[in-house]
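Below are two complexes that have chain A in common, paired first with chain B and then with chain C.
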Partner chain A sequence: MTSLTTNEPIRADLVGRLKNHGGLIALGVILVFNILVTPNFLHTQTLAVNISQVATIAIVAMGMTLVIATGGIDLSVGAVMALSGALAPLIFMSDFGVAYPVLGLIAALFFPLVAALICGLFNGVIVAVLKVQPIIATLILFISGRGIAQVLTNGNLQTFSNPEFSYLGTGKILGFPFQGWLAVAIACILFWVVNRTVFGRYLLAIGGNERAAKLSGGPVQRVKIGAYVICSMLSGLAGLIVVAINSASDAARNGNLMELDAIAAAVVGGALLQGGKAPIFGAILGAVIIQLVKYTLLANGVEDEVALIAKALIILAAVYIQQARKE
Partner chain B sequence: MAPLLAMSGIEKHFAGIPALQGAALEIAPGEVHALIGQNGAGKSTLIKILTGLYRRDEGTIDFLGSPSHLTSPRESQIAGIATIYQELNLVPLRSVSENVVMGQEPKKLGYLIDWPEAHRRTREILSRFGIEIDVTAPLGSYSTAIQQLVAIARAVSMDAKLVIMDEPTSSLDTSEVEILFGVVKDLKASGVSVLYVSHFLDELFQICDRVTIMRDGQTVGCQDIADTTKLDLIAGMLGRNASEIASEGLTELAGDGTTYDEIVLQVDNVATGPRLTDFSMTLHRGEIVGLGGLLGSGRTEAARSIFGVDHITNGSIKLKGAEFNPAEPSDAIRAGIGLLTEDRKEEGIVPHMSVRENLTLALLPSMRKNGQIDLEKERALVEDFIRKLGIKTSHMDQPIRELSGGNQQKVLLARWLATKPDILILDEPTRGVDVGAKREIQSIIRSFVDEGHAVLLISSEFEELVEGANRIVVMHEGKAVSELTNPGITENALVKALAHHEGATT
Partner chain C sequence: MLDQNAFDLRKYISRNPQSVAVWIALIVLIAFGVLRYENFGGAYNISSFLNYNAMFIAISLGMCFVILTGGIDLSVGSVAAFTSVIAAYLSPYGIEVAMPLAILSGVAFGLFNAVCIVYLHIPPFIATLATMLGAKGGSLVISGAQTIAVDWGSNFTQLGMEKAFGLVPWTIVIVGILIVGLWIVLEMTSLGRTVLAVGGGEDATVMMGLKVNRAKIFVYALSGGCAGLAGVFLASGFGAGQPLEGVGWELSAIASVVVGGTLLTGGLGSIPATVAGALLLGLVFNILNFENGKGWISFSAYWQMVIRGAFLFAVILFQTRVMNRQSKVELAR
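Moving on, here comes the complex of A and B:
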């Protein structure tokens, strides 16, 4: 009996640590496995490929984390990626864009993000003002957004050659992909927003207890709309990056199933689906884990379909850990 | 007679910190036994050990004469221990019958549920409680009080030997409390024991046989209720001397009677909907005005109308002489009003957030500096309030959910005091907090008023209103019906004023 009482706190401590740092431990396991098994894993080439892939997931996942922090969810992120991705080549390949390449490039970055912002406003207003359940509200754009993108491009694959625009997806700074730096910069800004600004404090308060936040004078509607707008704009940016990587825009495939990757990354990173937590760097960690699992399976010759199952298992494990943590 | 339940030497630690040290509890068959103590004294932990939700570190439990090793709530239910928690664990969207017979449905042909029989059985059980309702309607369509009684009915129908009631009357009005007491007496008469946990000490003298007092994880006393007084109980819970408390009065709210002439708030014939149809009152600087009335009389709705939560459909509000029509709580906050809500968990705390973040929530707009929250200013302010109000927290970044009810309430009070309001609306500020914290909260309110501010106080505890309020506005069915003025209000006068209107309409 005495030995039991002395052991219990230590064991509880260990279990607690496992739960709190499950993501980091999972990452460690995957890395060790890859270093031992996957050929050429420690190659800079491999690193660059993974970073360029993970950046888009991470950027969307961070936006998703903000939305989840309010107790919501955004299913339209993939569709918004397709929409902004379709708009960019339309703009810089238009007569205007060809005649004034610099202005065309600026417009090709600016207007897709404006379109994404409008999508975010649309989602936010339906959720915060009309009080529609987020999963239904964002289903509207989930379905129609990609449709609009396909109508705009007549369903065609648009290929292009525009090195300036492609820098977004293929450029390198200090040997690392440009979009990796971009993701890190966005993470730093969002971390500051969540932890140091009034907006961030309200965001967490609303997710933690919306009625209490409202009764304390919190601008619930504005903050919620803000979260959806940020999420959509980050999705729009990710859409541009994907198009830049491929030097082609395919409205049917750009951002396809991204909503699932982003939600999974956010949850693996520690976001609570009922709201109240916004672990920004957790979202990046989650994105890295998901990307590495995909890569591990691919590099070891496992088929895509099986990789999907593996992804589902990761989400399952993350949700399980979350449930256990609640006790 | 051998006791039905005997718990002794119970020890329980959480992460090395003792929650129970030598706790004991003994209940005789057919006895109504009260369990009291401040928040954090260990009542809930003891009950959770009894019902198998927690595992004890040390100690013995004998139930029905043999050692008990229950390890789950389900096992304890089968053994004959039924628990009715404050938060009801029922299914609001299903019918009353389904909720009552759940898990023990009458069957026909082996698999199919015999619904006529289920409804009949449910009606029979409920009629013992004097409840005649449509048992096929969804449970959620009835009031909390009815739902609570249904939960009790369910427990009773399972042939329990011991029924544990945790704060059963906190959401019931007077007539419903009477029904509940009738049920408790019936249970007792049929040989069932009841463990009754309540902060309302007056109730204990009406229905309990014995009382066990807990303090700091220990059982400090167990006696016949007939041999004790309310003061003794309070003294036991606080670990203080009864005569000392008697000389100071039961509450800390009483003021010195100075009043001011300046009207800060005037409400004229305000209506917001069916539950608030005609509310009028005035509030002067330096004054506490009480809102008296039974549950559902519109007191909370009255508070919400002034704070901009519910939209005003009729009547007008004047704040310091100027027309005031808040569209949102933030308007009211800017105008210098604070509202401490009745439901701490649903409308007060943000559980994930720290004491610091909870305390400054209403103050955020004024904490902005260079686009971010001025953390230095925030820390200094929170530190100041923790010291001034004596908030017991290990550090200001501790999650608020880990604090006891009384300390959570102090943090919420600090949230409003920090906005430097002219008017504080307090809806049941001391409900569900222990005696010690209660007195501290009352003295905080008193000093706020003495600084020349005004308080609108809603309380179901008559002694708070009678001792504290300069005037009491009595409400009935959404209307302000009469007003009593201190000095001269007695509890009897207040009860009469409430009962008068109750009688007048029925």
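Moving on, here comes the complex of A and C:
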């Protein structure tokens, strides 16, 4: 990093991102490989499939990036996805939801996000107020969140036919999946929040040096709680999207292992695990890379299991490069 | 065994009130179970309970050492699944071949973690997360995503299904030896002291000239080995290597260690209390099963996860008092 970093945060962020273009190079390599090797890669349908799948990872990864920026981690994202995803069909398929479809639809979008917000508050308060390590604090909901979702649905697969709700996962604007646009819009908002608001300044300050942020009078607790709440709500939204894509809610599988994908995407995108950096568009880049690696391997007949090993190696490489650069 | 535990209680009563709390909770829960359910204290329930929980105790022990250094090992569940497949493939050669080699394969994963953490300076959380994915992928590849039946003709299944001298399940005997051995290592050897010192403050430990790297490599290798042992128990007790098992085991193990009063920041904790923590978590489910059997309530399996989480929450609330006291001491310095 040059001396630019201290003076002009936004420009420095851009410069920094260009300097740390490891992710972009990786993306380029994957794209070239796919164009040469994978059949039908340059096909709008391939693009649409990848966008619809990457959007949920990207949305959660952006929330994870905010949490990681505070020096924390959120393991409960997948469980929150399962919970909000289980709630939505329960609401619009209830007697009320059937009698008043419009109100039911609004409630089916609203209350799952409220549930997610409560989960975020729970995580945030345990981390910020009770000062429990984030891994352990979010472990509680990681374990019980999915359990609550399964208790609510009795472990049943809820299938439904509700075109309005499914628009969230299957709708298209200008030929691209709705959730892709949603992810981009969220990224723009979060980028503004991180770089231009007091909340964003403190978010990065806490990750940079929590005690300094506290001693300088920053609202450390509130900002931390805010990061966990945003992360949970984005996870809740992602849970709704997954349910909408499938026209079915399976509490056992919705968001399963999402915490790994989200952490991987955030780290590949340049988030420092020690905190202090919140590269929002980096998270999207990371999500795209993770998704494309998965797609490349599957499209070329490599087994799903080997794709897991590849993902493990990507995470290790990304963090190793990060560490090496720091030293 | 009882005498040793009593000795430990006295030693830790001033240092770590939670270790005492976990023993009291365990005794209360056992008393509750014995008084309320007819067969709860019966030999069958005790032996099958301990036999089933042996693998969880094993991984909790390894996890305890890792957490004592201030680290974490998220790979134990996947590694156990991997070694259960290895053990199943090797089962025709008998337990004396299958067990050591399966444990060694677990140690290999642990060493990989250690190399990433100690030499590549990758945070434990990320390194073991990657190993978790890698081991899961590996076990699915070598098993073809199928459960691998063990060879029933060899003596392999005796380990998980038969009792030593017709009294105690073999798994319990092995875990018992492991508990005592690791307890001695932690409390009475320089290696154990170094493990505790690393968790107390790594930089200070390096400056004291203690072999920090050796201690860290040891704990991750141990954790991998314990996961390997759990995998052998799994394959032997259920008659098959199970590549899809082990999901969430790392969390159970972490919960056991935390419930046992070990501080997640490292430096403070005890082996017997970890065992008590593992037993306590297992016992909650045992009692739930009995309660379901009585018919008063009907808890689905899904409630177990909710209750497990609530339990962890309660313990964390309790532990924050201890931890906040410690952080106040740090601030005062």
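In the analysis below, the second predicted complex is superposed on the first by the 308 of 327 C-alpha atoms of A that agree within 3 Å, B and C clash if a C-alpha of one lies under 4 Å from a C-alpha of the other, contacts with A are read in each partner's own complex, and residues count from 1 in each chain.
We adopt the following convention: contacts are C-beta pairs under 8 Å (C-beta built on N, C-alpha and C of every residue); 3 or more make two chains touch, one makes a residue touch a chain.
What you are looking at is a predicted structure, and each value in this text was computed from that prediction instead of being measured.
**Q** First (chain B), second (chain C), both or neither: which does A:197 touch?
**A** Only chain B; A:197 stays clear of chain C.
**Q** Touch check for A:54: first (chain B), second (chain C), both, or neither?
**A** A:54 sits against neither chain B nor chain C.
**Q** After lining up the shared chain so the two structures overlap, which partner does A:262 touch, if you call chain B first and chain C second: first, second, both or neither?
**A** neither
**Q** Contacts for A:217 in the overlay, against chain B (first) and chain C (second): which applies, first, second, both or neither?
**A** In the superposition, A:217 touches chain B alone.
**Q** Touch test for A:205: chain B only (first), chain C only (second), both, or neither?
**A** In the superposition, A:205 touches chain B alone.
**Q** With the two structures laid over each other on chain A, which partner does A:147 touch: chain B (first), chain C (second), both, or neither?
**A** In the superposition, A:147 touches chain C alone.
**Q** Quick one: chain B or chain C, who's touching more of chain A?
**A** Chain A has more residues touched by C than by the other partner.
**Q** In the overlay, answer first, second, both or neither for which of chain B and chain C A:311 touches.
**A** second
**Q** Output the chain A positions appearing in both contact lists, the one against chain B and the one against chain C.
**A** In chain A, no position sits in both the chain B and chain C interfaces.
**Q** Would you tell me which residues of chain C are touching chain A in their complex?
**A** That would be residues 72, 116, 120-123, 125-127, 129-134, 136-138, 140-141, 145, 248, 251, 254-255, 258, 264-265, 300-310, 312-313, 316-317, 319-320, 323-324, 327 of chain C.
**Q** Write out the stretch or stretches of chain A touching chain C in their complex.
**A** Its residues touching chain C are 73, 126, 130-133, 135-137, 139-148, 150-151, 154-155, 260, 263, 267, 273, 303-309, 311-313, 315-316, 319-320, 323, 327.
**Q** Provide the residue numbers of chain B that touch chain A in the complex, in ascending order.
**A** Spelled out, the residues of chain B in touch with chain A are 13, 15-16, 57-58, 307, 309, 328-330, 333-334, 339, 341, 346-353, 357, 361-362, 364-365, 367-368, 371-373, 375, 415.
**Q** Please give the residue numbers of chain A that touch chain B in the complex, ascending.
**A** 1, 5, 8-9, 12-13, 192, 196-198, 201-202, 204-205, 208-209, 211-219, 272, 276-277
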